[in-house]
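Quick one: the structure is below, questions incoming.
Letters A, B, C, D and E mark the chains as written, and numbering starts fresh at 1 in each.
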Amino acid sequence: MNSYAYTLLIPLIPFFVFVSVGMAEDKLKGKLGGLIGTAGLGIATFLSYFTAFKYFISDHVAGTGYTSVKAFEITWLHLTDKLTINLGVLIDPISVMMLVVITTVSFMVHIYSLGYMEGERGFARFYAFLSLFSFSMLGLVLATNLFQMYIFWELVGVSSFLLIGYYYEKPSAFSAAKKAFIVTRFADLGFLIGILILSFNTGTFDFKELTNPHGIAIASMGGAAFMGLSVITWALIFIFIGGAGKSAMFPLHIWLPDAMEGPTPVSALIHAATMVVAGVYLVARLFPVYSQTGPAALQVVAWVGAFTSLFAAVIATTQTDIKRVLAFSTMSQIGYMMLSLGVSKYGGEDGLGFMASNFHLFTHAMFKALLFLGAGAVIHAVHSNDMNDMGGLRKYLPITHITFLIACLTIAGIPPFSGFFSKDEILSAAFESNKILFGIEYFVAGLTAFYMFRLYYNIFWGHDRHYHHTPHEAPLVMTVPLMILAFGSIFSGFLPFHNLVTSDGLAFESHIDWMIAIPSILVGVLGIAVATIMYKKENALPDKVAASFSFFYRWAFKKFYVDEFYMFVTKKIIFNYISRPVAWFDRHIVDGTMNGIANLIVFVSFNIKGLQSGRVQQYAFVFVGGVVAMVLIFVYVL
Amino acid sequence: MIDNIPLNAFLVISTLMFFIGIYGFLTRRNLITMLMSIELILNSVNINFVVFNKFLYPNQLHGHFFSLIVIAVAASEAAVAIAIIINIYRNFKSIDVENLDQMKF
Amino acid sequence: MNILTLFVVIPVLTVAGILFTKDLKQSRLVSAIGMTAQLILSAILVYLYVTERQAGNMAPMLFTFDALWFPALNIHYAVGVDGISVAMIALTGVVVFAGIFASWKMEFLSREFFISLILLATGVFGFFISLDLFTMFLFYEIAVIPMYLLIGIWGSGPKEYSAMKLTLMLMGGSALLMVGILGIYFYSVPTGGQLTFNVLEIAKHKIPIEMQRFLFPFTFVGFGILGALFPFHTWSPDGHASAPTAVSMLHAGVLMKLGGYGAFRVAIFLMPEAAHEQAWIFIILTSISVVYGAFGAIFQKDLKYINAYSSVSHCGLVLFAVLMMNQTAFTGAVIQMISHGLMTALFFALIGMIYGRTHTRMINEMGGLMKVIPFLGVVYVIAGLASLGLPGFSGFVAEMTVFFGAYEHVDLFHRVATIVAVSSIVITAVYILRVVGTLLMGPITDKHFLHLEDANWYERLSTITLVIGITFIGMAPLWLSDMIHFSLAPIIAKLATIQLPGM
Amino acid sequence: MSLSDLLTMRNELLLTFLAMILLTIDLNLNHAKKSWMIPISIGLFLVVTLVGFIPQADQTLFGGMYHTNGLIQLMKNILNIGAFIILLQSASWLKTPANANKISEYFFLLVTTLIGMNFMISSGDFLMLYLGLELATIPIAALAAFTHFNTKSSEAGIKLLLSSALSSGILLYGISMIYGTCGSIYFDAIGAAYANVPLQVLAFIFFFTGMAFKISLVPFHLWTADVYEGAPINVTSYLSVISKGAAAFILIIVMFTVFKTLAPLYKNMIYLIAVLTMTVGNLFAMRQKNMKRFLAFSSIAQAGFILLGILGTNKMGMTSVVYFVLVYIFSNLGAFGVVSAISAKTGKEYMDDYDGLYLTNPKLSLLMMLSMFSLAGIPPVAGFFGKMFLFTSAASGGYYWLVFIAVLNATISLYYYLLVVKAMFINKNEQPIAFFHSDGYTKVGLMLCALGIFVLGFWSQVYEFINGLTFGI
Amino acid sequence: MTLNDIMFYLFAGSILTFSLLTVTSRRILRSAVYLLFVLVSTAGIYFMLNYNFLAAVQLTVYAGGIIVLIIFSILLTSHVSEKAVVAPVKQQIFSALAVAAGAVLTILTIFKFAFSPSVSPAVEANVKNVGRALVSYNRDGFALPFEVISILLLAAMVGAIVLAKKEKNPENIEKQTKL
């Protein structure tokens, strides 16, 4: 027991909320379930902030680094002689940071949903699931060991599944949930294999032991080589596959756009701010291992991140469903974070990328949640997701409009909004490492500004559409979270992350490199300008542009047919060319053999009936023949 | 007085008779002739017993008595067999063995 | 009287009691009382076992009782339990209890139904407490044969065919087993002396390796057939599809575990050398089982077929783990048996209840049931999630233990096999979600379904019992795994003595 | 040898006495009172059966022609019990008008065959063996043809008689060669003189085929089904149980004593024949619809299992064979008893007629099911133990593959036994056999079977007792 | 060649010839007569071997009893001149082959065996010795089989009587009572 033992309550409170609300779901009238959930999460949020304060400020001895603290640990299961699964709470900079992010966004979403989900069937169920998610996510970030992380990783996956499939009567919602679950499950397979390899080579799951750069674990990771890379590198790549699945990195991203079928607050919480960054968190958590023993794996991380950010940004420019645009934007931004981790090194200023990644994770959580919640308010007003059904909403939804604009400016990297700072750090880190990656990110920064403002203009500018009823501003429970998050988006950029969250726990000096920052601002402004020209007033320009890039546009609009490719693989190959033959094989070959044996016996039985002809002389003949044969065999042959 | 006739000569005769009897059993269609074939078989066996007794083990009369008993058994067997055959004749108006295949397979 | 003997006596008394009943109400009441007593007894046994172990009793088997039965052949009625058997007994107690309540409305020939069901349970309990191979085999067959009547009389679909197929294939398995057991008996004491059927006695000696090579495949495949070893699993889909609810529950939940338990307790424990030599063949087969069953399940349309193939996959994992022959994998195998027993029983219970309402088991004829029967729907989802190995449910614990145990082998063959087996978790997710999606989610496809009633009290009791079991193990697996872990000490010690040539 | 030594032969003497009494009483009963013969015979037979259980010392009489010991006495008792049950089961059939004036003849013939079997089992030389065999066969042929007007019955009679005459001819030829090569017909004198020389092997084969015919081993079994089907049902059960049991007893005695020097050779032979017998018996049984014919083939398959005992070490083999026959008697008589009861009441003998029997006659169906399970070797009924010990015995000789084949065959046999169960319990029937009450004799007979089926397995003392007796072998 | 030899070959020849004729003759009654010749020749061999008692029994029981029985039944069941139906050629050929194989094998086997002629003194099979053995209950006595054979004969008699009893089909009885 130590002074952080109370942190155990942070995940447990939502858990108990989940159990109690979930069990009594049909008995909770009105908003009672929601209120219980919100209250529970409020406490957790408070505790998180308190922890952050305690860890970063009050308990911190100036001049020293931040060390990790095991607040609590129990043995859950003995696996092998060496490997034991523990459950516990680990307090260190990134987990505390994540606590803050998760509880903040989650709390906002809880409040917001009181308005947004009002009157929905299964309101209490929604809150139960939200609490389950919060519990899982908090458990994930507080994990003391890799295996605990995997456990909560799965739980996060299932709560995401439950929330995406919240409107279970809608087939598209359920199939999206299914897709999300299966794709991430597939990724988790990689994670699990990675855990197997890693843990058997190091003999431990524990993060503290694993990530101690001078510890036995890292030292013992020499390992045999397999296909040119060391076994540990393979393990790390496998683990990264798990992270990539959760974080929707190409090519495991296909579930994320579909996941937008879930209620918008869910998208804001899970698919923008928290769960999707779990992959980043995972790599960050194991960062010492990555950087010390598997630089090749980090290269993979960087390139996958870079490619995904570009790929998603391109697609985002063509989508018309506002939530999907945001989803692709999320992918793109997570790509940034991955890239940033990938180019980072361990310790001191070399760890800039690590810091930048976490920084961006933090700011992104704020502004992306804001964007989603804003989009939710819009959808709440017009009952559609499609930007073609929107236009001119700025006069109906003033608060939403302003907060949305702030978020757009933030993501576009316009100072002094927070996005500018975090993105700048990432670009700096990339610049240090690899110029090609850096170039890509520059381009993506411009694209981001462009598509965000395309979105912005399409929603809030242009002329009115035929709305069923006049759109009205959301109620206070929805707008207040917007405002709080807008506040966060604006000011979180000033947090001294380089002092708090670093790869080795030690603070380092960081400053804005204006040689990189100014061009990036310019690129952002350029993107905004293009978007303004094309979309502020409705004109033929977008269509012309689309027509002139028609092939490319169509591919981008169709998300480069990755979905179709997956459908081909799953439906055609797995279902038709594996499962069907397996089922056929089972019925006809395996079972057929068994039945065949039975039928053969029956056949033989039927065909030897002539032996029993009823004729006594034939019987006697067989008798005598038998005697003669026996004499022949046993007297003369044997 | 029989010293110059080898034992095997008797045995060959009895064996041939035995198998002739079996041949009769396998080919005669009339139940009574089948019964007669049986008598041939038993008779050949009797010769065996007697010859063995006389030639090889004359100190006891095992073979002799065996033959005696076999004759008695043959008689009782024949009695029952003929009773059944007559019964069959009453039922079928025939004693052809080929008719006796009501039950088969 | 020895507490273990009670496990056979209570069911027999219950059967005797049912003989005097007149109608459904009475017979189900008697059965419920009997099986509740049995469940309580199981709980007491677990408690006694744990306290005894904590008190420091290190004997390999506790509560032993030994009575000479056939002195000429040295056949004993010998019982005793270690952590593994205790766990299996507890599982059986729970499943049988749930099974009785799942067949609360068995109108047709109800007396006979309950008698057969409880006879089956008698066999299973007897099997798990036996230490003597002969009595073990005796109980094994007692457990198998009532299946024929249970499926044949109260089943559905091509029940006669299925019942016959199941019975014959399982009996074919016992043909192999018979050879194995007799062989073990005649080589039980190679140094000379009184031959014995007693597992513990035999384990003290080493069966000559040539005989092991010959006998191991017989024994293993013999038990493997009941454990749905590929390619001898085809009785399972047909049998389960035709069986009435409680029978499917018991059969998939408990009876199939006899295979895994026997393979472990007899084949591996008594013939470790041969097991070590020949494991690779069966590892290949079981790896195939695991993946193949899962792929097979994807394509099925009948709920019971889906679950049957899923059982093939999960039971394949049991045998797979058993063949890995180390402490972790064995532990995993036992937990997987228990976990699968509870899950699949739950599945079959639910399928039976759904079928009782919709009168179809074809998933493409159903849809949107979550809305009308939310309780069953939710429990179905829970069962599904447990089945696909979600943390917090027993399946996860079992699978992870198995995978880690299997991965302990350092050579490439075992590791590739492990990874093949691990990959089943994705395929499992695919078919489970496919079923859940088609069956429960989406709009209601048939307007007749609008008036379905949700679960009754006995159905709730039956399913909740199982759900509690699943989640309890899933959340707090340590006691169970430690209980098993400790009991593995003798076999691990025995394994340690054998030469381990490289594969 | 004193007169009191004759008491050793009490079984044979009492049975002879019984046969004579029956003939005498019958002559003094007028036509209307012939049916009194039934209780009289059964009662007297019960006395004989019970007397058999009085323990007595081992004895050898008539210079070695007749000998008895505990095991042989036990075998005789087993046969007596079986015969007693059959007598009980025949009562309702004998009461039918067609048999009204043949009742005492039936009992007389049955008892004489039993005398023959007793002498056969007790025989110490080949002459008594042959004589006992014939005495056990010829009257049965008359019994098989008992129902005059039924052409099938006569057919069965003549098929049995002719086939058995041929087989005993061949057996006699074998005995003659044994005599010729060994110089004696006494078992004790032959054993040592027997060796693996061609003529002696040939003689053994001839002898063996004659016995194989009695136990109906493939390929000498072909008469079995036809005779079983045609003969009156109780005669069939007598043939399949008592006759076969007695032949099995003497065969195993002879194999283990007289021909023990040939063991390496005859074990191969028995291996082959056992496999053939089990397989062919099963293959034929699968298709049968007539219950009697069905049971005939089933009994052929069972005979194949008996052979497994011969392959084991002597003591265990002997014990398991005797035990198996004991169990088999109860199981098979249970089945035959039900068939007989139904046949006597309704005349129905086909499996289809049994559809839905459970709903109308649950007790009969249950007994039938238990018998079927027992025959198939399913626990907890006695048949399981019987089979299991046979397999153990074969395995003790190292014949693991044979055990495997045998158990596979047991599985096939389970298939057709289950067909009967299926008919009774599962199949639906528009017009099932109506409920009926059986008479007291039948009930007692069936209950004895049920008791035996249940008790013999669990009550290990039975096996121990037999095992204790086989020490001398 | 002594007279004995000639007699032996005479008997042997007659046995084989008439045996063959018995099983091949198409007239049943003639078969029976041929059988009689075989049996009588056999009795001749017994006489030759000095087993007079046995020969006498052979003549009385076999030739006198069984053959008469057979002839009676032949007369009962068929006409004197009736020709027997011949089995199909296939059946005859296969039977002949099997039988020939059996005979060859058996005779070969017999020739392989070295019978050792007796050295011990012979017991003469005269009526005195035979009679003594027949009632002796000691070793090499045959009292027991002698008694048992009586039971067999009695049983055969009863069996034959039961079978020969004239009786009516119960179905017919029912019909008659109804009428």
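The rule we apply is simple: contacts are C-beta pairs under 8 Å (C-beta built on N, C-alpha and C of every residue); 3 or more make two chains touch, one makes a residue touch a chain.
Owing to the predicted nature of the structure, the values given are computational and were not obtained by experimental measurement.
Of all chains in the assembly, those touching subunit A and also subunit E are B, D. Of all chain pairs in this entry, the one linked by the most C-beta contacts is B-E.
Think of the whole protein's Cα atoms as having one middle point; the chain whose own Cα middle lies nearest to it is C. Look at the CA centroids: the one farthest from the centroid of subunit D belongs to A.
With centres computed as the average of Cα coordinates, no chain lies farther from subunit B than A. Between the CA-based centres of subunit B and subunit D the separation comes to 27 Å, rounded to the whole angstrom.
Mean C-alpha positions place subunit A and subunit C at a centre distance of 37 Å.
Subunit C has its Cα centroid 64 Å from the Cα centroid of subunit B. If you average the Cα atoms of subunit A and of subunit D, the two centres end up 77 Å apart.
Looking at subunit B, residues 11, 18, 21-22, 25-27, 34-35, 56-57, 60, 62, 65, 69, 73, 76-77, 80, 83-85, 87, 98, 100, 102-105 sit in touch with two or more other chains. In subunit A, the residues that reach two or more other chains under the touch definition are 609, 612, 614, 616-617, 620-621, 624-625, 627, 631, 635-636.
Residues of subunit D found to touch two or more other chains are 127, 131, 134, 138-139, 141-142, 145, 148-149, 157-159, 162, 166, 170, 180, 198, 202, 225-226, 287, 412. Every pair of chains that touch is listed here: A-B, A-C, A-D, A-E, B-D, B-E, C-D, D-E. Put simply, subunit E touches subunit B in their complex at residues 2, 4-5, 8, 12, 15-16, 19-20, 22-24, 28, 31-32, 35, 38-39, 42, 45-46, 48-51, 54, 57-58, 61-62, 65-66, 69-70, 73-74, 76-78, 84-87, 91-92, 95-96, 98-100, 102-103, 106-107, 110-111, 115-118, 120-123, 125, 129-130, 133-134, 140, 142, 145, 149, 152-153, 155-157, 159-161, 163-164. Taken together, the subunit E residues at the contact with subunit D in this complex read 105-106, 109-110, 112-113, 115, 136-145, 148-149, 151-152, 154-156, 158-163, 165, 167-171, 173. Of all residues in subunit E, those touching subunit A in their complex are 87, 91, 94-95, 98-99, 101-102, 105-106, 109. On subunit A, the positions that touch subunit B within their shared complex are 609-610, 612-617, 620-621, 624. Those residues of subunit A that touch subunit C in the shared complex are 26, 75-81, 83, 85, 147, 150-152, 154-155, 158, 165, 168-171, 174-175, 178, 181-182, 185-186, 188-189, 192-193, 196, 199-200, 574-575, 578-580, 582-583, 586, 590-591, 593-595, 598.
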